[in-house]
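The two complexes that follow have subunit A in common; it is paired with subunit B in the first and with subunit C in the second.
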Partner chain A sequence: MRAYRSLVAARFRVLLQYRAAALAGMATQLFWGLIRVMIFEAFYRSTTRPQPMRYSEIVTYIWLGQAMLGLLPWNFDTEVRNMLRSGSVVYELARPLDLYTHWYCRAFAQRVAPTLLRSLPLLTVALLFLGMRLPPSVASGLGWLLTTFGATLLNTAFMTLVTITMLWTISGEGIQRAAPFVVYLFSGMLLPLAFWPARMQPLLHFLPFRGMVDVPFRLYLGQIPAAQMFGEFALQLLWTAFFILAGRALLAQGTRRLVVQGG
Partner chain B sequence: MAHIVVENLVKTFQVAERQAGTWGAVRGLVRRTHRTVHALDGISFELRPGELVGYIGPNGAGKSTTVKMLAGILVPTSGRCEVLGRVPWKERKAHVQQLGVVFGQRTQLWWDLPVVESFDLLRDIYRVPADRYRVLRDELTERLNLGSLLDTPVRQLSLGQRMRCDLAASLLHAPPLLFLDEPTIGLDAVSKLAVREFVQTLNRERGVTVILTTHDMDDIEALCSRVIVIGGGRILSDGTLDALRERVTRERWLLLDLEEADLAIEDPDAEILRRDGQRVTLRFDPARVSPAQLISRLTARYPIRDLFVQNPPIEEIIARLYGGQEG
Partner chain C sequence: MTDAWRLYRHYFALSLRGQMQYRASFLIQLVGFFCTTIIEFLGIWALFSRFGSLRGWSLAEIALFYGVIHLSFAFAEIFGRGLDTFPNLVKTGDFDRLLLRPRSTLFQVIGMEVSLMRVGRILQALPILLWGAHSVGIVWTVGKALLLLGAVVGGTSLFLGLFVLQAALSFWTVEGLEIANILTHGGTETGQYPLDIYRPWFRTFFTFVVPLACANTLPISLLLHRPGALPLLGSLSPCFGLLFFGLALLAWRQGVRHYHSTGS
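The block that comes next holds the complex of A and B.
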């Protein structure tokens, strides 16, 4: 356990070194957030029908999304790709570590470290100046925290699975490009899931991706009652377990057929 | 008891092939042809504790494949392999705990972290007790002269510095077994010497068993009492360096520095191998003519400024061994 903890801590230290990247990322996310808020403002002004979310709620949803973007598996571990291409992966295999746990820890640090760095200032700015609101109750806030943790575990498991597929397609372009798009679409990051057509809802509800964004955000807004947080959390854990098992199976297959080229 | 037992190890890879050109690519979409490559074709050897063995062969001979199997990274197609009583790929985690590895072309240090933090991480990964770790780390730091490097991020190290740090990193858990895969590749002369000297003392004083793969024949000559040569996935030769020489050729080389460049040299028992200005390299068979005889004959007939006798360089021997194998 100690080894994995140290690995996460080391990755944290590395990722926290990049202050310029954090600042640039924050600026980008603020900018995108403003654009999205404007789009929804235009939409709410022109629409005549009742919408599934109030304008103030959608603004909060957007800023939460901008702050938590880093948690989403939207980019992948280029270091693992480079390791696979260059063959440095031999060192990963020459350690008395469980490779899956090792890569899961890497992915975890990669999700959490930059997000911590960016989200706190961004949320502060959004709450003070940009129309974001606090959760309606303490329970909703707690529900958000719990399911954000669940979402982090889920995202990490998903991301690790995608990383492992690189053992098959070394260039890693295909799945790595498709996966973030699927996540972006079905998690609610692009459009809150409540806005999707009613006949799509059963599908969205079934897919694991709503646990990545929509569930924690709607708990924050109080749209999902705080009492349901444990059920939602359990569902996130269930999908996490699914991705972990799939990842492990794939990794076991992959290392068996691994060809470490050259010397 | 033998440290390492390898018996009839075979590894084949399936390589997808396509014909050249656009048409070949299109056909490849429909039907893939596969070619079987025998990376290892029945390798057997044994290693005793404390041996320092050179494992050499041309590119693609199967050196790295063997090392990776011994390290538990690759699974062989067939054959038996036991390292310290374990089958590497079956008990990978327990096995690699006993093993230090250095792959010269890659680093095991964390690129963005100061060296000492990489060392600390390895301490946790290998679960080295804190007090033992401190002793080992300080000793390695002193031996490899790393004192001033410990706080430097790895990406800022020169290749020679990095290699010294990599060596230290592979030994922090005091493994009885060390695999060095081209540890001197790309290093300058001073760094090479430092690495060699360190490996030698490690082997002599600590009794660490070392397997060294390299293309640098000076490494082999300086370090290895035993050399295993492989080519085309098979063992071509296994024994001492002298025995290898003996097997391939008994010839010696006589190098002459002449007073003038254009002098014609002739002798019934020696053959001119190459000419380079005033430097002439002759080869002869010491069974046919003794070196003393040859030298006195030549010095009597030609104006010679300097001369010396040497064994053919090991590269030459190896090249001939490969050549013989192909032919």
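The block that comes next holds the complex of A and C.
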């Protein structure tokens, strides 16, 4: 356990070195959020039809999305890819650590470290100046925190699974490229899920991706009652377990037939 | 000039052959670029089905904006992607080699990579554009076709200009600046909608500082005969994009003059 903890800590220290990148990232996300806020503002001014969310809720949703963007599993661990290409993955195999847990920890740190660095200032700016609101109750806020943690575990498990598929494809194309679109579309990042047509809702509700974005955000807004947080969290954990089991099975298969590149 | 053209064709062929070595990977990336952007339009469609209209614009009209901006960006990316890796040339000092060759530096940098998989973006933008034009019921004349073509030319020059500026910056900073992506990718995101839906300061910025309007509201309002369309400025719109590109070239020249090698 200690080994994994220090692994996460080491990755954290590496990733936190890139403060300028974090600043640039924050500026980009502020800009992006602003565009989206303005687009929704224009849409809301064009209609009197009832909408699934109020304008102020959408604004909050957008800023939460910009702040939590880094948690989403869409940029994969290029170092693992390079290891597979160069063949130095043998060192990974030789370590007295469980490879799956090792990669999971890497992925966890890769999600969390940059997000922590970016999200706090971004949320502060958005809350003070950009129309974002606080959750309606303490319970909603706690529900958001709990399911954000659940989302992080889920994202990491999904990302590790995708990383493992590289054992087959090596070039890092295909699944690694398709996964981000699926996540982007079905998580709520492209559009809050409530805005999709009614006939798509059952599918969206079934897929694991809503646990990545939509569930924590709607808990924050109070649209999902705070009382449901444990049920939602349990569902996130269930999907996490599914991705972990799939990842482990695939890794076991993959290491058995792994051909190491290079000499 | 003809000589330069021949050389560029040579670069083009080399780049193409390189990309075709990994055919499966090439195809997957092409499909990837197709998907990333088509998803965006899916989102716009869903919003329209909820809200009905956007400040008096219909989905079909927005499809024109969407098509023009994505075509512009795609063409700019196909030709200008070599500029993407340019900061590395400065960082490693490899730019020295380019200075020794009897060709313009920008020409060589641009010739380094012709990224054909960006055709994926064209494959999705063009049908959407044509669908939009068809649904709006545009009666095509030579003038209107030229207007639309001009919008894409203007937009392409604008984005190429932004790529050149972004690359030229690294003459001073040595490090590549990711923040400039705000203007390129952010500009594409912004330009998917008419500028008049945005707040005034934002509209002003993308009209006078970065003339995105030249591939957006100016020509398309004219094409659709919107009230308040400006016929003269609308028909001149490609010039603003070209002007911006020209200014970017001047900045590049200044940058080359400023260049100090980092050594080997």
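Methods note: the second predicted complex is superposed on the first by the 263 of 263 C-alpha atoms of A that agree within 3 Å, B and C clash if a C-alpha of one lies under 4 Å from a C-alpha of the other, contacts with A are read in each partner's own complex, and residues count from 1 in each chain.
In this text, a contact is a pair of C-beta atoms (placed from the backbone, for glycine too) under 8 Å apart; a residue touches a chain by one contact, two chains touch by 3 or more.
These numbers come from a predicted model, not from an experiment.
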Both complexes share subunit A, so when I overlay them there, do subunit B and subunit C fit or clash? fit
Determine, under the contact definition given at the top, whether A:Trp32 touches first (subunit B), second (subunit C), both, or neither. second
Pick one for A:Ala198: touches subunit B only (first), subunit C only (second), both, or neither. neither
Once chain A of both complexes is superposed, is A:Ala24 in touch with subunit B (first), subunit C (second), both, or neither? second
So, A:Ala10: does it touch subunit B (first), subunit C (second), both, or neither? first
Answer with first, second, both or neither: which of subunit B and subunit C does A:Val90 touch in the superposed model? first
What angle, rounded to a multiple of 10°, is defined by the Cα centres of subunit B, subunit A and subunit C, with the middle one as vertex? 90
For the overlaid complexes, name the partner, subunit B or subunit C, with more touching residues on subunit A. C
Classify the contacts of A:Asp98 with the two partner chains as first (subunit B alone), second (subunit C alone), both, or neither. first
Measuring by CA atoms in the overlay, how small does the subunit B-subunit C distance get, in Å? 9
Of subunit A, residues touching subunit B in the complex: 2-3, 5-7, 10, 13-14, 17, 86-88, 90-91, 93-98, 256, 258-260, 262-263
Could you list, by residue number, the parts of subunit C that touch subunit A in their complex? 22, 24-25, 28-29, 32, 35-36, 39-40, 42-43, 46-47, 49-56, 177-179, 181-182, 186, 189-190, 193, 197-199, 202
In the complex, subunit A touches subunit C at residues 21, 24-25, 27-28, 31-32, 34-35, 38-39, 42-47, 49, 51-52, 171, 173-174, 177-178, 181, 184-185, 190-191, 195-197
Footprint of subunit A on subunit B - complex, ascending: 13, 63-64, 67-68, 71-75, 92-94, 96-97, 99, 101, 103, 105-108, 110, 112-113, 117, 120-121, 124-127, 181-182, 213
